[in-house]
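Below is the structure I would like to discuss, written out as structure tokens.
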């Protein structure tokens, strides 16, 4: 009985996907307009995209830009966030700046950045870097702030220097929170990537999407939506597995829930 | 069945003066099994039968994990027993109700309401008009010693004050039974003794039935007419000790009273024996 | 917190921003950046002030705000409603949980073309996109806040005579407020971002559209104006929400 329930809960997302596709199929057939292809039509258009060399290169280029932007953000944002968490001076300096930048959609900076840096990969990667940095900084900051003072005192009594304490106490202790920030960052990276490609149409998945829209290839439009959606789901699931294994020891926190864990 | 509930007309009334009072609570062969994670199950209390008379102050005493809180929750109707039946005034208990008012160790005050709002809650729930409910609540707040704090929010109060509000909130809807779950456990020793005294003073006014869970032997002896000593899990009733000490009880006098001291020693031995008996069956 | 401490905080807050603006000005003055690419801050703020008194610009802000509020409100109503229902009802929970797990990581902006096809190019598609993006953090925060309501609070209310069907509104909802408001704050910021982006991708009016239009004609000053405006709007709305939160949660201990 318990085993059956466990299997059911693991399979539930699959049922959800099937259910959503079914609703889509029924709605499309009911509305019966050209501009709303049925789920099956869209699914049938997927292989055409994935086997098209041009499209595939586009999509992989998107993912590559995303990866680079993410990596840079992780390398720079985590240390900054940690330092802000441990030093009131650093925090009070950067906090107001970040609060001002927060509501500005980083993808909206695309036109400005393109003016400065041209239309190549650099501008798109930069935008992703900027967009992803904020949540990582914020979560690293929160994670570092929450480190128990007594743990650091114990470390100091053991003879650890400030840098050692940062690396060997603050970092591991804040890791669960940092990884939550990275998960948000991952989701944001995907969004920023797609959005910046929709705005500055040169290449990438977002570009394929809107090209298809312009050319009234509605099957392709919806197929691309499924592909991008699938990318989001797969990346998020993969990251969650990674996060789970890295911080097996932590208790779940629900401060800013991203999804059901 | 003799249904005369006793009221304290005479000073220094003794327990033996309370004869056949009505059974307010009947606990009839109650057991409770909990499902823990996976396929494990835990027998918390086993085959408890107990009768509590109207107007009696009864303590349930035992080591941690003996299921005493569980028993209280069953009487409160918050938990349904897996076996057996609990009754109040002859009717089977099917859920919580204003006839059995709880006071919890964690206070459980509504943080979005101030003191007055908390105390008024039960009255408003029962349809008492706002002005009347407010007047009654203010009287109660004064009775528990918090006059002037009506507009404070729980977060602004100390632990002792929060518990006073909790008591006032429960008394407001005039339950026939007070269910108190280690109410002073989260407080420091000094506040605890003050609240014990205050609780007795309040209780003397109308002598409700009280079921009081605690793990403190001297608290149980000081407050109660009867102490029900429970064994370790699975909890059973080890013994019921009648406390024959005069009321009203004053701490300063009682601490020096040899009868009080004998009760404490006797009951502590009972609890100690419980522990040892479990280790060496 | 007394007035003195508050004003010191405000001053400390403004200082770094002032420094950035000074840096910005310095970059322009000392020629590190050509004026065509980076206009001096003074110019941008003057232009902003000019725009604010012109009816046209206010109309654009109005369009953006309308979509933002409409989408946000829908997200709040749906998010809080579904979140509460899922927290207290196992049947709803069983349906909602897997659906959210599947849809949450999907970039909703990818749905935008579909919305355009189905709902047209005007307000409706943008409002729907805003609602879809802001929905999830609000739903999840509500769900977790409601599921973690202290059991003894519910028991106290039941003992006081509250019937089961009223527990949701009288106990669970107020007790979950801190969580719900945190989710709303996130949802609000997301709404600001999404409405702006949607207007950049396709629109005929709104702040996002202004940015794209200015970009096409290489008017750098006019590009900065909408960016700064959305940033200010976000700050103001956040401040308002914070004020509301402080009022609603005045009884709750600091989180």
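By written order: A, B and C. Residues from 1 in each chain.
Quick note on the criterion: a residue touches a chain if its C-beta (ideal position, glycine included) is under 8 Å from a C-beta of that chain, and two chains touch if they have at least 3 such contacts.
Predicted model only: the values in this text are computed from it and were never measured.
Summed over C-beta pairs in contact, the chain pair with the top total is A-C. Using mean Cα coordinates as chain centres, the one most removed from chain A is B. A summary of chain positions shows that the Cα centroid lying nearest the centre of all protein Cα atoms is that of chain C. Each chain gets one centre point, the mean of its Cα atoms, and the points for chain B and chain C are 49 Å apart. If each chain is reduced to the centroid of its CA atoms, chain A and chain B end up 53 Å from each other.
For the pair chain A and chain C, the distance between mean C-alpha positions equals 18 Å. Those residues of chain C that touch chain B in the shared complex are 150, 152-153, 155-162, 171, 174-175, 177, 249-254.
The touching residues of chain A, when paired with chain C in their complex, are 12-13, 15-17, 19-20, 35-36, 92-97, 99-105, 107-109, 111-112, 114-116, 187, 190-191, 194-195, 198-199, 206, 209-210, 212-213, 218, 221-222, 224-225, 228-229, 232-233, 235-237, 254-260.
Here chain C touches chain A in the complex through residues 12-17, 20, 37-38, 94, 97-114, 116-118, 136-137, 140-141, 143-144, 148, 179, 182, 186, 189, 192-194, 196-197, 200-201, 208, 211-212, 214-215, 218, 220, 223-224, 227, 230-231, 233-235, 238, going by the rule given at the top.
Contact residues of chain B toward chain C in the complex are 76, 78, 95-98, 100-102, 104, 106, 108, 110-114, 121-122, 125-126, 153-155, 169-170, 173, 175.
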